[in-house]
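Listed next: structures, encoded as structure tokens.
Two complexes are shown next, each including subunit A; its partner changes from subunit B in the first to subunit C in the second.
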Partner chain A sequence: MGQQARADDELLHAPLVIEYGFNRTTGPVVGAFLTGLREQRVLGIRGADGRVVCPPVEYDPTTGEPLTEMVEVGTEGTITSWSWVPGDREGQPIPAPYALALVRLDGADTAMLHVVDAGSPDAVATGDRVRIRWADERSGSITDIACFEPVGGAS
Partner chain B sequence: MSPAESDRTLSTMPTDVWSQPSVDVPDLGGVEQVQRITVPASMRYDYSPGLTQTRFLRALEEKRILGERTPGHEDVYVSHRGVDPVTGLPTTEEVEVGPHATITAFCVVHIGFGVNAPPTPFVSALFLPDGAAVSLYGTVGGISHEDVRIGMRVEPVWVDDADLTTSMENIRYWRPIDEPDVPAEQLKGHM
Partner chain C sequence: MAPARDVAVVSVAQTAQRRAAAGLSETEMIQPAIRAALDRIDASISDIGFTCSGSSDYLAGQAFSFVMTLDAVGAWPPISESHVEMDGAWALYEAWVKIQAGHADTALVFGYSKASPGDLPRVLTRQLDPYYYGPLWPDSVALAGLQARAMLDAGAITEEEMAAIAFRNRTAAADNPNAQLRGSASVEELLATPYVADPLRRHDCAPITDGGVAVILAADDHARRWSDRPAWIRGIDHRVDSHNLGARDLTRAPSIALAAEKAGATGTFDVAEVHAPFTHQERIVVDELGLAEGTTLNPSGGALAANPVMGAGLLRIAEVADRISAGTAGRGVAHATSGQLLQQNLVCVLEGE
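Let's look at the complex of A and B:
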């Protein structure tokens, strides 16, 4: 633009937060799942091929037909995949470091994404057994699961 | 917004449109069902207005309304973007405008939203500062909304000196001054 910054032109900047507080209805399936979490129980849903999908979905992932049979699964499970998160990012369930992992709960055939409080990347491996650490205050939200922790060696 | 207001029925689904069958749920002990959740989504920026807007905002901190124009051209733009939007030429000449201004357009707001919205009804308006070619946005105060007119002469009401910052919020609102209205004819091209 051909303009020279003058001494008093030190550039202003300021934090700007754009936030939307979406208020949404859950529907019967997700609503039941969240209700279960509040009660420290985990629900999945039986798919068209008999496999249990957890977290539950309203429609079959393969055929698209509506699903209706919700089933309870366990609160312990197996890590099927994971990635180490060394640094803090905003809005995460627990302070870093932690593992971001896919956990297949006992009785389920699919995995859910959550964090594992494993302390160090040496303490986590695919196939490891983990269990839910419940939040002290639960409101019917995925964050009612505070995190997962290794079975037998919680940090 | 109160929960009661946010939960009111806005519309109803036509029958037979939503065909999801009822769901069998294991007994959870007769507890209250979760039916709604609030899911906040936010984006955090470190926003910079740029050098030209920085000059405008720094002047506002001194209760001055600063415009810019291209040397040799008439139109003063406020708040400026560094170039004349008509010619594309740099606006390198600073010109102080206002503080008196003329209402060029207004709207009576009956449904307010946002954290800083004044009590309704209020008047949002465009204010053409004396000497400027374009208007600034703000709200009208000190007068009933029924008495606001296009062409009305106004002045800014600033926040207390101790509260001045580099922000448009330095101007709390604009209030009428005892001067005759500007005929709409004279506002042509500035509306």
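Let's look at the complex of A and C:
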């Protein structure tokens, strides 16, 4: 393209922190879910077709109608898909390595995204049973669930 | 419903797609492509009725970064412009609507990014909802791994087939001077490499790319004046699947099939360019489009050979249009995706006279 790239040692470098400093209100559905986590309870919501969506959504995924019937689901569930996270990145909920996973909690019909502290990719499989490990200090956040851990250690 | 006006792609130009455009700002990087797209049809910015771009403030590290990039269009004359925080294919859609509405006869569209300065898989976590997903910082490669696993578990693809998709795309890219990854190791060699995010190996993931592409649209006689062989947009549509990953069947993307239906993407195509940043996603796109055997798929090498975020979808349209204008294809289909795990999809049907 006829452009002259400068050698890297000629470039000036400076750190840049991006912040969007505003607060949000989580509303009656997401807020109820997050408040439940603080109390070690997991809430889903009943959809128009009777299926329980967890984490809950404000509007029905198919019909779009507002949903209101919160339903408590279990704190154990089944892995429906997973991938392995081998290395650390800033912000991750637990130190790597771990599995990123979709977990369908007992009593729910959809899966929650979270992480499984499985130690090694050989120790995790689709269909495995896992349970919530709660964070010691909870503030009403998805990270009030510290992670999931295998039930019984079987894989 | 048939569009009110015939609109065509009359010129395209792209930057070299490369791992890092070191020393260049986004503006300096995309400007030569914009200039080349105009020069190819001997036009200037004063001939353009509407300008629309697709880029990401999160990658640029600056709010309203696209305003700065407008320097690449020139400070004079004043222009009518807009921007999408999406792939440039959606900027093209906005320009197409603008022309259909009669508010412009011609448009300049471009999409670009420099992903090299940051940690792209981490930056892309900011596309996710801020309550259920964002606080977990689930990087884009691990998320794609969930989808690949779902397909492997369902028997919808094998790791060998995924490697073969990487091999085909990167082998095709050997003939594309703009591609970042040109040529491929054998499927056997690819399968012998370790996982980067089990079940994904490095070849299953698009490279991190700095680059962009510019496209010029024109309606009716404006198109015929600028091009001997305009690539007419016969249909274009975009649709979305739920952002609730745990409620989706990740082995499918029904929004692609719906967009294809609405865009009239039926029958046979000489060429298809699909935007699949991960090998297993190409299988989903091809299945949802219902592409017939014999369609030349991703002759450019696709996103697996060069993936400028916010440009790679528009690049698919440009690659199809370029082949139609060159006379090497009569009818083609381009697909673009935006967001994670093929959440949002656009389908565009292009045809020569």
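Rule of thumb we're sticking to: the second predicted complex is superposed on the first by the 141 of 155 C-alpha atoms of A that agree within 3 Å, B and C clash if a C-alpha of one lies under 4 Å from a C-alpha of the other, contacts with A are read in each partner's own complex, and residues count from 1 in each chain.
The rule is short, and it goes like this: a contact is a pair of C-beta atoms (placed from the backbone, for glycine too) under 8 Å apart; a residue touches a chain by one contact, two chains touch by 3 or more.
These numbers come from a predicted model, not from an experiment.
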Open item on the list: Please determine, from the superposition on subunit A, whether subunit B and subunit C clash or fit.
Closed with: fit
Open item on the list: Output check: A:M70 vs subunit B and subunit C. Expected answer is one of first, second, both, neither. What do you get?
Closed with: first
Open item on the list: Let me test your reading of the model: by the given contact rule, A:H114 touches which partner, first (subunit B), second (subunit C), both or neither?
Closed with: second
Open item on the list: Under the stated touch criterion, which partner chain does A:S141 make contact with: subunit B (first), subunit C (second), both, or neither?
Closed with: both
- [ ] Determine, under the contact definition given at the top, whether A:T26 touches first (subunit B), second (subunit C), both, or neither.
- [x] both
TODO: With the two complexes superposed on chain A, say which partner A:S81 touches: subunit B (first), subunit C (second), both, or neither.
DONE: second
Task: Shortest CA-CA distance in Å separating subunit B from subunit C in the superposed model - done: 5
Task: Residues on subunit A lying within both footprints (that of subunit B and that of subunit C) - done: 1-3, 5, 8, 10-11, 16, 18, 24, 26, 34, 90, 141
Task: In the complex with subunit A, residue positions of subunit B that touch it - done: 6, 19-26, 28-29, 31-55, 57-58, 82-83, 90, 92, 166
Open item on the list: Taking the touch rule as given, give the residues of subunit A at its contact with subunit C in the complex, in rising order.
Closed with: 1-8, 10-11, 16, 18, 24, 26, 30, 34, 53, 55, 57, 61, 80-86, 89-93, 100-102, 104, 110-115, 121, 126, 141-143
TODO: Show which residues of subunit A lie in contact with subunit B when the two form their complex.
DONE: 1-3, 5, 8-29, 31-32, 34-36, 38-39, 41, 43, 45, 58, 66-72, 90, 140-141
Task: Complex contacts: residues of subunit C adjacent to subunit A - done: 15-16, 21-24, 28, 32, 58, 61, 119, 121-122, 125, 130-133, 135-139, 142-150, 153, 195-200, 242, 244-247, 250
